[in-house]
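Next come two complexes built around chain A: one with chain B, the other with chain C.
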Partner chain A sequence: MMEKKLIKKELMEKKGIHAGKLLLWGVLAVLAAIALYPVFFLVSGSVMGEDELGSYLGPVVSGKEGYAEFPLLPAYPTLRHYVEVFLDSPEFFVMFWNSVKITFGVLAGQLLAGTMAAWGFAKYDFPWKKGFFLIYMILMLLPFQVLMLSDYLVLDRLGLTDNLWGIILPGAFSTFPVFIMYRFFVELPDSLLESARLDGAREWQLFCYIGLPIGSSGIIAAMVLGFLEYWSLIEQPLTFLKEKRLFPLSIFLPDITSASQSGMAFAASVITFFPALLVFLGGQDYLEQGIMAGAVKE
Partner chain B sequence: MERKKIIKVFGGFLAVMLSFTILSRAVSGASTAQVETVRIKTGAIDHRVTGSGRVEAGQEIAVYTENGQRVKEICVQEGQSVEKGELLFTVDMDELEEQILAAQQEMEKAGLQDKDAQSNKGVEQRNRAMAKERAAEDYTQAVSDGDHSVAQAKAAWDAAEQALQEFLQQEPSGAQQLGSVSGDVTGGDAQSPEGMSWEEKKAQLEQAAAEAKAAYETALSARTDSVKSAARALEDASMPTASDSSAKQNEITRQQQELALKKLQALKDAEGKVTAPARGVVTQIAVTTGDFTTDGTAMRLADTSKGCRLAATVDKANEKYVSKGSQVNIAVPGSKEEITNYAVSSVTSHEEDQTLLEITVDLPEGVLEAGAMAEFEIVQKSENFSSVIPIQALREEQNGYFVMVVQEEQGVMGKELVARRFDVRVKDKNSTYAALEDGLLTGEQEIISSSSRPVGDGSRVRKMEK
Partner chain C sequence: MAKKKWRGFFWILPSFSGVAAFYLLPYADVVRRSFLGAVDNRFAGISNYQAIMGNTAFRLAVRNTIKFTLSCIPVLILLALACAVALCRSKYGGVIKSAFLMPMALPAVSVALVWRLLFHSQGLLNYWLEHLGLAGQDWMNGKSAFWILVLSYIWKNLGYDIVLWMAGLAGISENIYEAAKVDGAGEWKCFLHITLPNLKPSFYTITVLSFLNSFKVFREAYLVAGDYPHESIYMMQHLFNNWFRNFSFDKMAAAAVVESVVLLGLILLLQKTWDSGAE
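Entry: the complex of A and B
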């Protein structure tokens, strides 16, 4: 906000501000349009007739000659695909609820375990604390593919492959939210906790009545980030789940590639997109704070 | 504020999704094809060819009567069934009696004519015998007469010759010399004491001998001629007469007339009534009341006493399953009774329609009435097959046959029943069952025999509750 105002002032002071401003706006608008095009594409495709989709997407999905093209607006808008998704495909809902289970399971786990872990790292001293935290950081940085095999072996031994818990449990104990929340808890002054202790507060009371309320923005930020991540989880379910009945939405969509089903895929995508959009809108501020927290150096 | 709203919207979204989850399951459950399944079993494929045909009489009988009878009354109608001996029609008795009388008179006339001819023939024969006798007598006479005259002429000639020789031995040598010079033309009259010269006498004798010789020759030829002519006359008289069969012909004519008369008499004895020669159905009436009968058939009966024949046509497509000797079951509409265990007696191509086959089944007497309609069923049993399914379970497509088998598969909705396509080859089939080649399907596989809606490969199905 500060920077914008400064730029604005500077621009105001310079001559030819209007031309420069317009140019900038133009460039930004073009970039924004390019960035937004897939979303628009998605929505318009979801209300486009099957024949129309077939003729536009033929080269991609059914091997026709030429290139796929896409008009901005459908010639004959229809809600058929939505009806199809909502009424004719119970599979979609099975997967939707699988996604909900995974996401909220993970978030609940993080809320329980992650907050405590972050609180512990932030407010208590114990041997090898720095070492443990370093391991946490390293685990956070490692991409999934690196741990895929060892994860699989562990889950297999625990009997958790082909089981939603095999996705939920590793997520619930993931290190990233701990790292985010740690940032918020650390900022809490130790003197406040000390005075509370002097007043006779127990350790769990400190966590519940002081830590959680003050760190709530950090917790919410971690939850929002977690939601976006686990709602669109692909690698873990693909790797650890074989039974189709356990598949989340994120795998359902790539399953539909034929021309006749592309309309349905668009509609399903829009529906999938909707909760993520809501979460983003609701947690926008916290999201920014969370990302900032992750970015600030210790 | 804004956040609370968003949380509410999110909650609402989840609620909507929940309701649609239930709704879509209901819709999908309702739209899932309900199927009935069968399993393969062993069995035979019976080929049943059915159709209907008409019962025809096995044989036709012609009823006829004497030619030229006036039909007085016809007592039956076409299509009527009659018992043996039942009255068919009567002829006019007056007309019949007249004809009998005429025939009798005709015969009498012929008899008289025959008698006349016989007596004529006797007279002629006697005449001929007499003529022959006479000719023979003539011949004998001619021979003996001839012989006699020839013998006389011969004797005369011999005497004349002898007289000449005797005279010649008496003559002098000179005269003899002279005589030998002058030949036998001159007679010897030189030494004749009666005054005639020897020469003259010799000439006279020579002349007599020559005359006697000529007479002899004449008699000989006369005899030959008369004998020859007598022999010819005899030959003529004894020549056989030309064969004469008129008597025999008359006899034959008489017999024929007698036969015809007998028939007329028989008709008269039957009081002019013509009856059915056997049990049957009148199929044609050729006579009309008041008209004369002709040489042709008066009535035609379909003989039912010797059984009937079921004639029917079947589609040529069934050719394989219909053959001579195939088992036939026959049912008559309106009757519960099944007539079984008869065999097809002939199978022929339909004369006009090449796509049809004509079959006939011979039926013994009393099984079915001629003219009745009957349904038939020809059954051909096959060998036993080990993979038999109802024909509804067999689906056909351009490339061949296939069946849909219900399989339990792991899907998004958990364990699902899914229809899967199996290509099969058909060994044999009829209208209700099909026998598949062995080894393509197992006894555990459930084959869809019927479904509430079309089922394709991969369609989700539900088993129909029984």
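Entry: the complex of A and C
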């Protein structure tokens, strides 16, 4: 539909806009290049040899005179830094697994409790529903700093500080995915459920056989957004985890005081980015739907 | 009958028990604590509130947060609108949109590595500036740190806002445009009198979401500059972290209550304007 509109528009105003259009696309392309530059930078640095890195980044990493510079592509690409990260740094694996545990723990909880709650809000009426929903919405909007002390008090009481569960449980009950999934469930026509009820379907069957399949894009959208959020979670692990062996990758800031360390730092950054990149590439449509669902007014 | 009435609530129950246990009850405890003394836990009235209002670090963080919000949100929203209008006219818009969304997927730790190399006093930015014959500076340890944070925020959130604007643009019926074209309205007139008014509801949501996302720049700020950054980027989250480390729970509680009340007020205010705007 969009495209049809565009074609029509373009036909109507074909004259005199070529120069302006070219300029516009130039500006957009430059902006897009800036948006992507850090990714190029990381990937290119991660396959650059130690000597090359040393000579380019020396002024920053080891206090050489002059300024750092950086080519777009390395002259002698190598995978050595990746090998080093994988073979020589067991702590990297531990952090990777911590990230996996946190992210998938949170997502599993959101999948269980969140989808049910979203279904309840979207398809049933019950006393004070509006009030409950308002509480969910407000909680979704409050930044971590406001809830930080409450979070700490409850984790302390449950003995979950310095424990991955202390990060997973509050995340699993985050109200944001409920809101996203709600937007998708609410689209489902009530008449469909009514006729299924008349045919003798039970309430849980409605949820499992109608709600889940039809709302699946909403569920995936919430999961994609959740993955990107919890894979790069910083505030919570920084506050509640003291022991290094519990740290996730998202708070691992590699040391770059020598060229060989900076090579590993680049490789580690790319590896940290990689799962998020896969989710992003595979789920971009869902990501966009999720962003839009978060914005639709209640 | 009573069972049927509460039927929907059973679906909420697992989630709501978690919400109550991890958010609502502890928040109530925070409100209670905000009125208690730090040492003796006795009722202290509003003295904690008075203490944070007079606290220089608190005032600095509040000032920076307000300044940050006012500097970056208008720029982000307008830039995203311009990009969205341009992108939705082209079949290649999708590819460019992906490029703008990519920063959302890049974890802050990875970004921080790039930022450290770019904005170091001997870093890449100064190298480029030198080639242009301009003098560089130590970007993260001066007032410029603030503007780098503004840029990081825009860089990270541009794609998000473009998607929201494009959704708003796609919702405008093309019939209106055609009718206007028949009446001889030009491109710019259409934009001013059709596109903008129809985007009003999107505008409010985008403002709220951009505002809430602005609290997340702490991530980049923290990873690049640590616990005690240049004072121009000392944000609320830094302050909360420092209080947390010193066990100043009384001040944290009072500040959390103040901030949540202010945020709630702002959100409700925006929603009111938004309701009257959307009719």
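As a convention for this text, the second predicted complex is superposed on the first by the 257 of 298 C-alpha atoms of A that agree within 3 Å, B and C clash if a C-alpha of one lies under 4 Å from a C-alpha of the other, contacts with A are read in each partner's own complex, and residues count from 1 in each chain.
Going forward, a contact is a pair of C-beta atoms (placed from the backbone, for glycine too) under 8 Å apart; a residue touches a chain by one contact, two chains touch by 3 or more.
It should be emphasised that the depicted structure is a prediction, and the values quoted were computed from it without experimental measurement.
After superposition on chain A, the partners chain B and chain C are accommodated together without colliding. When the two structures are aligned on the shared chain, A:Met264 is found in touch with neither chain B nor chain C.
Contact with chain C, but none with chain B, is seen for A:Gln145 once the two complexes are overlaid on the shared chain.
Residue contacts after overlaying the shared chain place A:Met95 against chain B, while chain C stays out of touching range. Of the two partner chains, both chain B and chain C are touched by A:Val279. Ranking chain B and chain C by residues of chain A touched puts C first.
Applying the stated contact rule after C-alpha superposition, one finds that A:Pro127 touches chain C and leaves chain B untouched.
Computed from Cα centres after superposition, the angle at chain A between chain B and chain C reads 100 degrees (steps of 10). In the superposition on chain A, A:Leu241 contacts neither chain B nor chain C. Minimum C-alpha separation, chain B to chain C, in the superposed model: 15 Å. Common to the chain B-facing and chain C-facing surfaces of chain A are residues 252, 279. Residue ranges on chain A touching chain B, taken from their complex, read 86-97, 100, 243-245, 247, 252, 274-275, 278-279, 281-282. Contacts from chain C toward chain A in the complex involve residues 5-12, 14-16, 18-19, 21-27, 29-30, 33, 83, 86-91, 96, 98-114, 116-117, 120, 122-124, 126-127, 130, 136, 155, 158-160, 163-164, 167, 170, 174, 177-178, 181, 187, 201-202, 204-206, 208-209, 212, 215-216, 218-219, 222-223, 236-237, 240-241, 244, 249, 252-253, 256, 259-260, 263-264, 267, 274, 278.
Of all the residues in chain B, the ones that touch chain A in their complex are 2-3, 6-7, 9-10, 13-14, 17, 20-21, 23-25, 27-28, 31, 410-414. By the touch criterion given at the top, residues 1-6, 8-10, 12-13, 24-25, 28-29, 31-36, 38-39, 41-42, 57, 59-60, 64, 66-70, 109, 112-114, 116-117, 119-121, 123-127, 129, 132, 135-136, 138-139, 141-154, 169-170, 172-173, 175, 178, 203, 207, 228, 231-232, 234-235, 238-239, 249-254, 256, 265-266, 269-270, 272-273, 276-277, 279-280, 284, 287-288, 291-292, 294-297 of chain A touch chain C in their complex.
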